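Report on the structure given below.
In this document, chain identifiers A, B and C correspond to the written order of the chains, with residue numbering beginning at 1 in each.
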Amino acid sequence: MMDFSQIIPALPALTDGMLLTLRLLGLSVVGGVVLGTLLALARLSDRRVLSGLAKFYVNYFRSIPLLLVISWFYLVVPLIYNWLTGSFEPVGAFTSCLVAFVMFEAAYYAEIVRAGIQAIPKGQVNAAYALGMGYGQAMRLIVLPQAFRKMTPLFLQQSIILFQDTSLVYAVGLLDFLNTARSKGDIVGLPHEFLIFAGAVYFVISFGATLLVKRLQKRFAV
Amino acid sequence: MTAMIQLSNVSKWYGDFQVLTDCTTQVAKGEVVVVCGPSGSGKSTLIKCVNALEPFQKGTILVDGVSVGDPKTDLPKLRSRVGMVFQHFELFPHLSITDNLTIAQMKVLGRSREEANDKGLKYLDRVGLKAHAAKFPGQLSGGQQQRVAIARALAMDPIAMLFDEPTSALDPEMINEVLDVMTGLAHEGMTMMCVTHEMGFARRVADRVIFMDRGHIVEDCAKEEFFGAPRGERAQQFLSKILQH
Amino acid sequence: MNYHWDWGVFFKSTGIGHEIYLDWFITGLGWTVAVAMVAWVIALILGSVLGVMRTLPNKTLSGVAGGYVALFRNVPLLVQLFLWYFLVPDFLPESLQVWFKQDLKPATSAYISVVVCLGLFTAARVCEQVRTGIEALPKGQSNAAYAMGFTLPQVYRHVLLPQAFRIIIPPMTSEFLNVFKNSSVASLIGLMELLAQTKQTAEFSANLFEAFTLATVIYFVLNMSLMKLMGWVENRVRVPGLIGSTGK
């Protein structure tokens, strides 16, 4: 009853879709971790205004749905771009989605980084200060390298979730892996087969990655 | 004397590692037996085999004539007749002291709430803690919790009591309050099997002492003989270490 | 570029019947709550059963629950929703198919799909929380319960679950909040919940900043209120003398 043979001619398009998914994922992880780390440092800062702002940012993005952010930014980012640059050049769905993912995921990465930094004993910072380091050096050379090592499994887990969440760009019509599979399936009249195939591919990648993370965790733990 | 607890050639393995080898002994009705030995000697495992908290692969254990290892045996029923006291008390932290005392009476023995309450409070009074009935375990000291745990076991009207290192998690000043309760119990004729390092208690209360080492029962004799007569090298070493402090 | 700010837009007529835009938001919030609450009940019941199965000595039962978790956690929510909405109905018996596709209002069939989808998706996450809670309890607790003659169901019912559920209230709170946030995927199969109404308002009125601002405020307030509610629950079931953890 099911006919999966029609997937083969669609493989080049599906591969392009997957490449877009992975590009979005990679850039979002990098951007999210960088912004998230800055947010975590701001959150832990002694300056009340700074830490208050960071706290608000994190709470704000953690209490609204990702899909809302994607839809909003899709409409809003071009407007803001236009305000800032005066140019009417279209921004494109990819860029607006990327901005949405980076800003949204940063809130989640920030919480991971904050917990990681707080798990480093205060004595480490004191020892760095005692050696004559400043705040920036102590963070960059002593605290963050230790924190990041501990946080790696959590980062990876969050990134696996993000990998699955990239499928939400369907909402703005970006041709990622899922959307490519949907449209190809509709064109050849086999939507079920393509949908099952898409689900299976997502499953294999994220389940495989989960197993890998578990193995890494074990190795790190010893 | 009839044996209340009878162990014959009990052996147990964790995978390839043998934790118990050919353990044979018995506890007669009304007898108090202390089991001692260095850590890792298998004494806790042995006592947990008696009420089937630990399965064993060879040999037989009879409790009041009922075979523990027989798959046809109704384990909940057998366990409800044998009281057990644990190293870390294991009161249920989400239940009040009263509920800790009554829950098994009601759910396992099918007693009414009133009957369970009366019985529970009677034993709580016996261990001197009646005033704490409405509290929760986390609000009591370790010694108090352990006394409640003994009352909880007694409320089930057990035919025998198993003690698994009941004082080793306690601060020194609380050990005696628990040992006093146990001593009282022994004098009333309760059948008791106690894993403990408290040699003073063994000397005062025990009828027999079992010494275990590396899964074997090495000594199994009357108290007087154990503390008086010459014995094996391992037991001597153990005793000299224990008695030093 | 000129953007015409108008915060009064929510009280303006939508041009459809007598409705003002605010009515749309209220309807949307209603659907969001209706989806999330029913999905949560499903997730809580099924997830607890699966979580218990995961901790049982029986290899088959724990394997089944483990497989369930692996499957439902590694396929994106949106893919699962499409499967439930587009694919599963085609595999129903003839009479059910007619009922689902023709007799039901489109909103109702979308609602059923999303509730089932979100309930089963969240159950996998609840399962892991319940399992973690049970495994966090000291082994001595179940030993003590068995030693008093409890049967396996009694050990779970009276000793393990009451403690495990108390421990996992904080992570369960965030799963509970996630259900509300995740319910927004329903907008992608045409259910007019909060996000869908927001988009519609943005398109109809051209006041997209105002529309999305109101939506985020509603989600934000909803989130805060639910957190307060769960904080209250946590306080209600708190056991004296026990702060956060169990044990000695």
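The criterion applied here is as follows: contacts are C-beta pairs under 8 Å (C-beta built on N, C-alpha and C of every residue); 3 or more make two chains touch, one makes a residue touch a chain.
What you are looking at is a predicted structure, and each value in this text was computed from that prediction instead of being measured.
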Most centrally placed chain, judged by C-alpha centres: C
Centroid comparison with subunit A (C-alpha atoms), farthest chain: B
For subunit B paired with subunit C, centre-to-centre distance based on mean C-alpha positions, whole Å: 47
Distance between chain centroids, defined by C-alpha means - subunit A, subunit B (Å): 55
Averaged-CA centre spacing for the pair subunit C and subunit A, given as whole angstrom: 22
Footprint of subunit C on subunit A - complex, ascending: 60, 63-68, 71-72, 75-76, 79, 82-83, 164-165, 167-168, 170-171, 178, 182, 191-192, 195-196, 198-199, 202-203, 206-207, 210
Footprint of subunit A on subunit C - complex, ascending: 1, 3, 70-71, 73-80, 82-83, 86-87, 90, 177, 181-185, 187-188, 195, 198-199, 202, 208-209, 212, 215-216, 219-220, 223-224
Contact set on subunit C toward subunit B in their complex: 138, 140-141, 143-151, 154, 158-159, 162-163, 166, 239-242, 246-248
In the complex, subunit B residues that touch subunit C: 48, 51, 53, 75-84, 86-94, 103-104, 107-109, 135-140, 142, 152-153, 156, 162, 169
